[in-house]
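Look at the two complexes coming up: chain A is in both, with chain B in one and chain C in the other.
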Partner chain A sequence: MTAPNASPVQSRPLWGAGKTVVLLVGAAILWSYLGTGSNLLLPFQADGRHQVALFFSQLFPPNLSASLLTRALRGSLETLAVSIMGTLLAVLIGFPLGALSAYTVMGNRRFSEAEGSSAVARLWRRLIYDGSTLLLNFLRSVPELFWALIFIVAVGLGPFPGVLALGFHTGGVLGKLYSESLEALDSRPLEALQATGASTLKVFLFGMVPLALPQLLSYTLYRWEVNIRTAAVLGVVGAGGLGQDILVAMGLLHYQDLATFLIATLAIVIAVDFLSTFLRLRLIPS
Partner chain B sequence: MAPSIEIENLVKVFDGRVAALDSLSLQVEEGEKVALIGPSGAGKTTLFRLLNCILTPTRGTLRLQGCDVTRLSEKSLRELRARIGTIYQQHNLVPQLRVAHNVLAGKLGRLSTARALWNFWDPRPDGDVVRALTQVGIAGKYWERTAALSGGQQQRVAVARALVQNPDILLADEPVSSVDPALAQEIVSLLADLAQEGGKTLVVSLHSVELALAHFPRIVGLRGGKLYFDLPPDQITAELLSGLFTRCEAERGVPERVLRGAVSPVFPLDSPYDKA
Partner chain C sequence: MAPFPQSSPWILPTTKPKSSPLSFTGWFVLVAALVGSYHLAEISPGKLLHTQGGSSLWGLLAEFFPPDLSAEFLLYLIVPTVKTIQISIMGTALAILIGLPLGILATSTLTFAGILFEGGSLSRSSRRRLWMLPYLLARGGLSLLRSIPEIVWGLLFVRIVGLGPFAGVLAIGLAYGGMLGKVYAEILEGVKQSPVEAVRAVGARRFPLVVYGLFPQAFPNFVAYSLYRWECAIRSAAILGLVGAGGLGQEIEVSMKMLNYPQALTIILVSFILVTLVDRVSSWIRRTLL
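Moving on, here comes the complex of A and B:
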């Protein structure tokens, strides 16, 4: 028998984990808002509204003189070239390192147990596997912008440090993605190749690469789309292309030139997105 | 002359608890043709994966052409594998490659990497591949992308790859269970004839007992990882067969459903990296 006034529903504790989390998140948001001097009320303040409107009115009309259009075109092509070369360098760095950091390539028990390899060979494989994983992590954790600043000091201003910056960071990203693809393959065709007496290198070339290729291509094209945006940004720190034109136009307060360069950036980003999607649909059978 | 296959008290345990093969002993002479039958989960696939040197025995001895497989270096292991051909049930081709390239893969054990790359690159048809594809009746599919083929055609490609490999010991794990009965009959006869002509040792596991009895002079019954019988076809009785195939889960110790759930089709070795 229960007491007559006992409810079948228990009351909750006054203070629980859920409430603590809500409070902490709230505090973090408030702290960040104040710390960054954010002002979400700007559009509602007459003064702020006026400033924003003034800036945008100065962008119009965009400067469409022949000489500026030529410069915008040259800048766009340079940014495009940086994104292509940067992505290519990233593939050259990411593919070998990604393969070496895939346990299906370098592990001591790949798709079968029987390996017969000596202790020294196993140790070497382990070292190469760990070393390339570490190197990829490092390449990836340094942002492109930092790589660009480092390479600008090392090789001077211009598009080349931009290429190196994209190649190093994206190489780290692609290497990681490649290695995960190579680890997630169906093991059955690979086991069949190994059973013919093929070495790991041959299983890699004639089994893993064709099996993984659609996914590797898809990742690469996607990173190219990311890189065309980044290539434009890298120009702002001096690595050539449209970004550099934008920086100069802003410094000289030539806002109508700036408008033209911004439109050019938009156009080239959209063009690369289209091309990449088109290639992905054509190259990669679903 | 050493026997092709010598197995003594072979034990294979998976994950430290599933005994897929339990103290199996078996000897197969050079040029013999053996059919392996047994219920699913009997250990047939595991036996084939040990025979083609993909798995290592947990205990017991396995000698192939007189070599103890547990004592081989990486290089001799590959040389031994090149002399053993395997045809699987399905899903053992690289679907993105062309038919010609999947068949050429049968030569990978013998060619240098550079030579193999050249053969894959070369647009001229390879004589051995053409011959093998003609033998299995799909020479017209030479440059076709493998993924575009039907299941039965893909199985012929797998047979052609084994023909190009030209091994001393030919293993086939349920090679015809995913094809129609007429083709099944055809492929099994083809394998038996090939073994006969080339004096090759042939071990085939078959789902269909009739096919086994019709084409093989020696029938091995496997059940629960143990040898159930090893007899010529005329001594196989209905009682033996019903004993081989009746369900008796308690016998295995662990329910079969649980065991099958433990096997993942992708990377059966669950460790992300060998920690040993």
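Moving on, here comes the complex of A and C:
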């Protein structure tokens, strides 16, 4: 490689300006390795291997008795119900807030100037825009499980606080995604609609929403896939579903029951992934 | 999108309102699923107006204010905060360690298909079929790893390695390893073929082909996606404490159990700041490396 006319290989910054970053990342990993008491040699140590093997061997065979399967089915259906209702609530929260925090709806010069809005009206618009953006920020920065802890205090144990927790967190996420899609729309059809004399509300309802609908649906289905996973674990803080069954089985050291619940979790997660893909293909024209 | 349908130039550019995208059965299933879910999830909006303590939801939320910002409590939170950061970093590192080899095996263009295997003799094509086995195993393994939520992995590992941050590292490592591996494979399968062909045209064998033809193209995406996963890992690390895997989650559970809501709010605020901070650091690394 010392040839005088070596080929002009594009130099990667990895060992140039990026050297510091690589060293820092390496140091951070080392620091974290020591700080967390991690032991990555675990699989190579006879003792560690034994521990892991012992635990996983206790899972077999899964308990497939009729009574347990009924419980697993009930837990799965409850988890599914929580994920569906949670996603629905998230749409109900996220759609209005997302629309209000899209500048094309609230603050776009083109639309507001055309209406000849007064300074006061513009100020209101600004306040609503900032307020809803801030609220969405707050909703999504609190994780679902923290929301669940709060709602359990409010409405008691069971699936309902799980629905609220999913709805609030996911509402924040969907609101942001919705507002981004509403902002990214091609403005020409909207201007055409406006040129026919449509008000801002009509431009929104009959222009923006239909144009953005495939994207909004796609995001909603994607979040449903995330929510089924979360709904399956909400039970560990007492918010119903399979998580609760898993926690109880662990507490009682009923590992063969645990195995069944784990299989049920896998099954509904994979089923929802398939269903969501099917709906996406069916409902959204490519 | 063409405004005019090309085939029928005489029709005005309006789309005929489509018939409903769902069939009758589709609507029936949808409505049944919603009604069933409403009942199964025990939805009762009335509970929000009269919560357990007899106050409204707003009354309860008001009890979280103001957050506990006493120096004593903030100092106490330093250790769990640092642990949370460490869990997220080490968890992501482990996820890369698991995801990269499995992801490479799960890349069809690296194991049996595509340009690397062109022009093979008969014996090579039978070997090709042999390589499908590790490919399928890797795909299945990755799918299994990521379909079990990290909280459930956390519960299992708390049982195996005991309470503490290491269980959190393993939980994030396995769950995120599954996600990273899948995306790595997608990135590797999606690289442009022309540079690979160019490297092969100068006579490179398979290994240099992969190292000089494939990886340089995939590297920026690898880094970007791994960093994105680290941003998610800090959120996971913050909640994994709820099942005993160390960090801030453990503290919030204690505060909620002791009905010390202002402390719980402080912990929520700290984790919010932590997430923001990690987003900043991650975008700085992305800018510097790419």
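By definition in this document, the second predicted complex is superposed on the first by the 261 of 286 C-alpha atoms of A that agree within 3 Å, B and C clash if a C-alpha of one lies under 4 Å from a C-alpha of the other, contacts with A are read in each partner's own complex, and residues count from 1 in each chain.
Convention: contacts are C-beta pairs under 8 Å (C-beta built on N, C-alpha and C of every residue); 3 or more make two chains touch, one makes a residue touch a chain.
Only a predicted model underlies this, so the values are computations on that prediction, with no experimental measurement involved.
J.: Check the residue A:206 against both partner chains and state whether it touches chain B (first), chain C (second), both, or neither.
T.: Touch partner of A:206: chain B, not chain C.
J.: Determine, under the contact definition given at the top, whether A:251 touches first (chain B), second (chain C), both, or neither.
T.: After superposing on A, A:251 lies clear of both chain B and chain C.
J.: Now for A:198: first (chain B), second (chain C), both, or neither, which partner does it touch?
T.: A:198: touches chain B, not chain C.
J.: First (chain B), second (chain C), both or neither: which does A:61 touch?
T.: It touches nothing on chain B or chain C.
J.: Going by the contact rule stated at the top, is it chain B or chain C that touches a larger number of residues on chain A?
T.: Looking at chain A, the partner in contact with more of its residues is C.
J.: On the A-aligned overlay, A:121 touches which partner chain: chain B = first, chain C = second, or both, or neither?
T.: So A:121 only meets chain B here.
J.: First (chain B), second (chain C), both or neither: which does A:187 touch?
T.: Touch status of A:187: first partner only.
J.: In the superposed arrangement, does A:43 touch chain B (first), chain C (second), both or neither?
T.: Neither chain B nor chain C is touched by A:43.
J.: With the two complexes superposed on chain A, say which partner A:129 touches: chain B (first), chain C (second), both, or neither.
T.: first
J.: Can you list the residues of chain A that meet both chain B and chain C?
T.: In chain A, no position sits in both the chain B and chain C interfaces.
J.: Which part of chain B faces chain A closely enough to touch in the complex?
T.: 49, 52-56, 69, 72-74, 76-86, 88, 91-97, 101, 105-110, 113, 116-117, 120, 147, 158, 161, 165, 265-269, 271-274, 276
J.: Under the definition above, what is the set of chain A residues touching chain C in their complex?
T.: 12-14, 17-18, 20-22, 25, 28-29, 31-33, 35-40, 42, 51-52, 55, 77-78, 80-82, 84-85, 88, 141-143, 145-146, 149-150, 153-156, 158-160, 162-163, 229-230, 232-233, 236-237, 240, 243, 246-247, 250, 262, 265-266, 269-270, 282-283
J.: Can you check the complex and tell me which residues of chain A touch chain B?
T.: Within the complex, chain A touches chain B at residues 103-104, 107-109, 111-118, 121-122, 129, 183-189, 191-199, 201-202, 205-207, 210-211, 213-214, 285.
J.: Okay, in this complex, where on chain C does chain A touch?
T.: 21-22, 33-34, 36-44, 47-48, 51-53, 57, 60-61, 64, 82-83, 85-87, 89-90, 93-94, 97, 143-144, 147-149, 151-152, 155-156, 159-161, 164-166, 168-169, 216, 219, 235, 238-239, 242-243, 246, 249, 252-253, 256, 264, 268, 271-272, 275, 285, 288-290
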